[in-house]
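Next, two complexes with chain A in common: one pairs it with chain B, the other with chain C.
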Partner chain A sequence: MATIPPATEISGKVPLVVFAAGSLIIPFDHLEQAFEARYPNIDVRPEYHGSIQVIRHATELHDSIDVIASADASLIPMLMYGSQVPETGKAYADWYIRFASNRLALAYTDQSKYAAEIDASNWYRVLSQQDVRTGIADPRFDPSGYRALMAFALANNYYRQPTIFFDMFTGRFRRSIGIFQDDDLTTITVPEIVEPVANTGLVMRGASIQLIALLQSGELDYAFEYESVIQQHGLNLFSLPEELNLGSPDVDYSKVLVRLDFQRFHSVEPEFPGERIGYGITIPSNAPHPEEAELFIAFLLSEEGRALMQADHHPLFEQALADNHANLPASLQGLCAPAETP
Partner chain B sequence: MLIKRLLIMLFVGAILLSACQTATPVPPTATVPPAPTSAAPVAEMIAVFELVAEDGSVTEFTLEDLMELPVTSGQAGIKSSTGKITAPETWSGVALKDLVAVLPGFDETMGVSVEADDGYAITFSYDQIMNGTFIQYDPGTGDELKSPVPLTAILAYELNDELLDANQSGNLRLAIVSDEPKQVTDGHWSVKFVTKVVVKSLGEEWFLQMDGAISETMDRATFESGASPNCHTASWTDDKAQEWRGIPLWLMVGRVDDEIIHEGPAYNDQLAEMGYTVDIISSDGYTVSIDSSRMTRNDNIIVAHLVNGNPLPEKYFPLRLVGSDLEKSEMAGMITKIVVHVEGMTAPAIEADLAIGGMVKSSLAFTEADLRSMDVVHITAEHPKKGSQEYEGVYLNALLEMAGIDTGATKLVLTASDEYSAEVPLADVSACADCLVAFTEEAGVLNLVMPGMATSAWIKDIVKIDVQGEAAVEIPADADLVINGLVATPMGFKEEDLRALEVVKITAEHPKKGPLDYEGVRLNTLLELVKLDPSAVKLVLTASDGFTAEIFVAEATACADCLVAFTEEAGVFNLAMPGLPSNTWMKDITKIEIQ
Partner chain C sequence: MKRRFFDLAFAILGGALLLFILLPLVSIILQATPKTFWQAFSDPEVTRAIGLTFAAGAIATGLGALGGVPLAYILARRRFRGKRLVEALVNLPIVIPHTAAGVALLLVFGRRGLLGSWLSPLGITFTDNLAGIVIAMLFVSLPFLVNLSREAFALVDSELEAVALADGASPWQAFSHITLPLAFRGVLSGMVMMWARGISEFGAVVILAYHPKIAPVLIYERFEGFGLSSALPAAVVLVLVALVVFSILRLALTRDSRG
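Entry: the complex of A and B
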């Protein structure tokens, strides 16, 4: 397998290729400007995708990437620890830093149907109305999509109404998304093909960021987005209860699991356990510019980086946590604590 | 190689027959360099691509082989999930719909998995392959197109008349092309380094081995048929409000307890009374044994294949024993085998006392014991001659419901043991809540109790009920539009027929032409007239030139403004289908078949 050649230097600058989740577009653009001002010899080249696609660009399309930032940190061990760079035989990554969280929420506008009525007691009933157009990301491609499914499954228990998930999704997909509640775990099964039935009010796009334009043009009433993204775009924010938004450090979300019911990747049949949203960042082992990549991550975790992320409504963790802390580059080890062994 | 050549010939035939090519078939422009004459293998002669049929058969193609196939060429670009646009360029290759069309049986229940050399795979739906149903974006602004253009998914080997750079994207890449460079599609569909296309059923196949007096290997389709609402379905709701659905165990056992599988009295009560055990065995060897005395005619012990309408989760797939008459430890999952221990047992031959057949989903036969194990009722009914009488038996409509009446059935032909017969309208029986198959003092002799009907319908010693229909509804040969299939009343319409209905005028957004005014009859009005069968799933739309498209019943009924629209030409109707794919906006629609 040949690789895409590394980005070339322009005007003596070192090109630093950063692949990141779509929900990081705005804060990372600001980070890029500040970073390049601090390190004028480095030219950051960002590219944004759904998080699964971000990692796939490294592990399966073999693009040369210096920094990877995913909206679901668990994707890094799932997809990078176990696959090897063809040229070196080394894993694509053997560490990551969990640096920020987020909260799943609903974006809407003043023109959205029932905008004046929606509240914590009725939001799921509002969304299941046939005359309300709700957008979710495709759970096969974007963590926001499977997290929206998780929120409905958690709602079944939270509101003690076992039909909330059915009421929202039954009859709205050509091949239904399965849900099964065992004694201590609710499993959501995503089929190989996920196609909404037309005119039923449910709209799906490959990535949650694509739903923003539909919401702004009035083609959607509500969309599942991260709180930071909603605030960055100046949309109305409806906060889900902490027990459902997957963002609280004090809530156990592990009673729900999403399975993709097919072999999506060569060696992995993905399962996504319910857990607090965690953004992960790493440097692929074949990064062309690992030292500059370390500088970028260190800048992200610095006071200046924290302030920029905070200003864009996406605060970092007080203490970033590293998986396989000992494998981190030395310059980053002091910036984060070892993550607890699960 | 012979198979491959045959496939190539079939491709040529298929493309010649294809009337709806969205992008343009053109001769290939790039050429594969001629193979050297030495015996050493060269890259071009190495298989670059496998086509895997649903039955697992594999056909390998070299690049040369692929280039011999009819070419579809067009413009394709991509939009990344965060908005980055790669402008349209000219891609050429083989249309996936041409590739799968030559394999047998590709339909809506199947998908096409496009796999890269490292195992990454994306599965495309029937609609995407056959109708090009993808979200499209303006290449300039990135905004979604309100008037989408026809698209074709192709397995591309050329970009701008040059073979693909094998290092950049492999020899083959998925591209979604249109005639004009006016659209881009989501980048995640454009799989690079494609080496395999797999046509597959989207329902996972499974088999259940059943051994008893005879053996049977039941496949998924047979089980699903048996568990359909008109057949032997049973359900149980657990303490988490989850509904498990399947077939009662005793009915499954009835298929192998003796040599009578389905027609006739399948379940051998006498054998069950003698006593035997049934082992339900999981794939990991876990076994649950149930006594026949506990199982007989017990609809609360169910072999379930669905939970909440979906296939069972992995830990129980494909079948689980469930029901209110089981302990939790007896609810074995992953069932692969049922063994009925009737070795060495014989029971007297059973002769049915009453048979129901004709236009039914399942022909049934009952002994008196069968009937007595069902819901037996006691009623008082007014006999036409004898006045008020007491009767004990089973509701006739319950038996008809078990058999499942076919669409189009209109009457029952009732036959007695002396071959006397009488006919009664099905509608009268359906409306007769107290019509009864009544027991008599003589074992095995059943009488019909038909309150409100003539004496001739009160058949003594009834042995056979034949469900029949009238002659097919005659549709005028000159009808401009026919609606038939799974409907109560197939109908044909002339334009004057439609104009006699409620005619509406609407403005609808045509996918290509923008907002247009239409006048016609709502599609839902016509569907209500013909009365859809509850089992109807989709509408197959056919135009006068033979072009067809399909939509789900749910989509059609949810579309309040879908219209059979009049045109300037008398007797010619167009479909206006707001919100539905462009291929459903059919010109000169002549037939709607409900399936």
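Entry: the complex of A and C
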């Protein structure tokens, strides 16, 4: 799939395969153009999926990938640190850089049902109506999906109405998504098969970006998207409270946990604790073009990259933080600080 | 001598192509162990997807025959202005990329589409449901039915119809008692081809109806989301079931007509 086609030899360019979270598609497209203008001998070949998919393309489908950018940095240690490249026996990755955050929000249009009435006090009631069509990403493949589930679980506590999650999701999946609440932790269990029941108003796609076209064509009234994506597309933005949007550095989101309750991942049982959204980027240990990959990441973190991301409403962190800073390629070590070890 | 070299060269070239078709099919069928079958058939998501795929293909074919058979007859029998245009139109779905066909269908049948905006207040919608799957399959597979039926009608001697009409049969009677029975084998193989093309459709369906998942969508999702080992049982079973059903139908259709 991502093996190098013969076109390489013809164009004489180094193909740099970048697999990235779907929510990065617009800023990374701009980044690609600027990067290729700077390095005319490199041809960036991007591919976008839900972030779990992005990583599984490396670890399960064995695509050769040079750069991996995930919308949930924690997926990199979870799925890449512990699994080995069959040829070398080395871990797929042993470092990552956390470079940006985001906020979960609702995208809608002027034609969306109740567009004039929706507000901070009633949004979850609006979305739970059967005649309102709401899109969320599949939590098995895309962090935006499990983050949307988290937002509803957090809403239970925030609004002190323990049935908000239940009202939104019960009866809308062929196999229900479980929620278990004890004193200080709400655990959401996602079953192996996640499929919305037709005509209940809930619509699901593999990645949150796939919901944009459905919103624009009127198939959806609301969609859970990242704020950057909503702004990039010029859609109406309904901001969730800071306590629910998973984007604030000042809020503790850890009272919620999403578990993927099935055994399809190698050795790991994926659990996603609620935490502030952090995008992570790394170079797989089997990347065919690691030096060019370093250039790409350095460019992302440069002033020019920063400005491009900012222009696309997806600002980088003031200071990018690296997990396992010592394992970073030397050229990237100076561009980020070591993350505090918990 | 020259002739033999010619035949040999063509046989090698054709044979290489046959091998190209056979190898992938054989290698996927070789994956079919009792375990894969058990995995596939004990997985309700797989059985449901396969059942849905075949049923949606059959509904699309039925709907297609309703309009496609009359259209094929007219194209075979009548001359009229713009006939070439109609023929080109019938074949358009073959050349349009199927994802583009899906988008085009969405513009018509979507909730804010040309027809969809009238139908959706009545509760008739075409996204993420069986109706969406059926119209996507109908759109992309109709040419097979129309083209094969038209050829079948063209092969029926029009004198026979003329005689029937002269003997006082109505045009309806001539069609249903003479032409259709004589062309039936061709029409039926058109329907089989349409059904087969329908059940293999991915691009147009996935745009209109990601859910409920037909088998091609499920295989794609399994492959993308969970890897090869997860996609394989569903893929193997779909290939085998399609091969078996298709062979039986083709066998039944061609048994007598082979000279």
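By definition in this document, the second predicted complex is superposed on the first by the 332 of 342 C-alpha atoms of A that agree within 3 Å, B and C clash if a C-alpha of one lies under 4 Å from a C-alpha of the other, contacts with A are read in each partner's own complex, and residues count from 1 in each chain.
Note that in this section a contact is a pair of C-beta atoms (placed from the backbone, for glycine too) under 8 Å apart; a residue touches a chain by one contact, two chains touch by 3 or more.
Please read all numbers here as calculations on a predicted model, not as lab measurements.
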For the overlay on chain A, clash or fit between chain B and chain C?
-> clash
In the superposed arrangement, does A:207 touch chain B (first), chain C (second), both or neither?
-> first
Which holds for A:53: it touches chain B only (first), chain C only (second), both, or neither?
-> both
Given the touch rule stated above, what does A:196 touch, chain B (first), chain C (second), both, or neither?
-> second
Pick one for A:179: touches chain B only (first), chain C only (second), both, or neither.
-> first
Could you tell me if A:170 is touching chain B, chain C, both of them or neither one (first, second, both, neither)?
-> first
Give one of first, second, both or neither to describe whether A:121 is in contact with chain B, with chain C, with both, or with none.
-> neither
Return the chain, chain B or chain C, that is in touch with more residues of chain A.
-> B
So, does A:111 touch the first partner chain B, the second partner chain C, both, or neither?
-> second
So, does A:218 touch the first partner chain B, the second partner chain C, both, or neither?
-> second
Residue range of chain B overlapping chain C upon superposition on chain A, of 8-16, 80-88, 152-160 or 440-448 | 152-160
List the residues of chain A that touch chain B in one complex and chain C in the other.
-> 49, 53, 56, 60-61, 141, 193, 195, 198-199, 205-206, 214, 264
The chain B residues in contact with chain A across the complex are 80-84, 111, 113, 116-121, 123-125, 127, 135, 143-144, 166-168, 186-188, 192-193, 202, 240-242, 307-315, 552, 554-555, 558-559, 579-581
Residue ranges of chain A touching chain B (in the complex, touch as defined) | 1-2, 4, 22, 25, 47-50, 53, 56, 60-61, 130, 141-142, 162-163, 166, 170-171, 174-176, 178-182, 187, 189, 191-193, 195, 197-200, 205-207, 209-210, 213-214, 259, 262-267
Residue positions on chain A within touch of chain C in the complex are 49, 52-53, 56, 60-61, 111, 138, 140-141, 193, 195-196, 198-199, 203-206, 214, 217-219, 264
Listed in rising order, the residues of chain C that touch chain A in the complex are 44-45, 106-107, 110-113, 125, 127-129, 210-213, 221, 223-228, 230
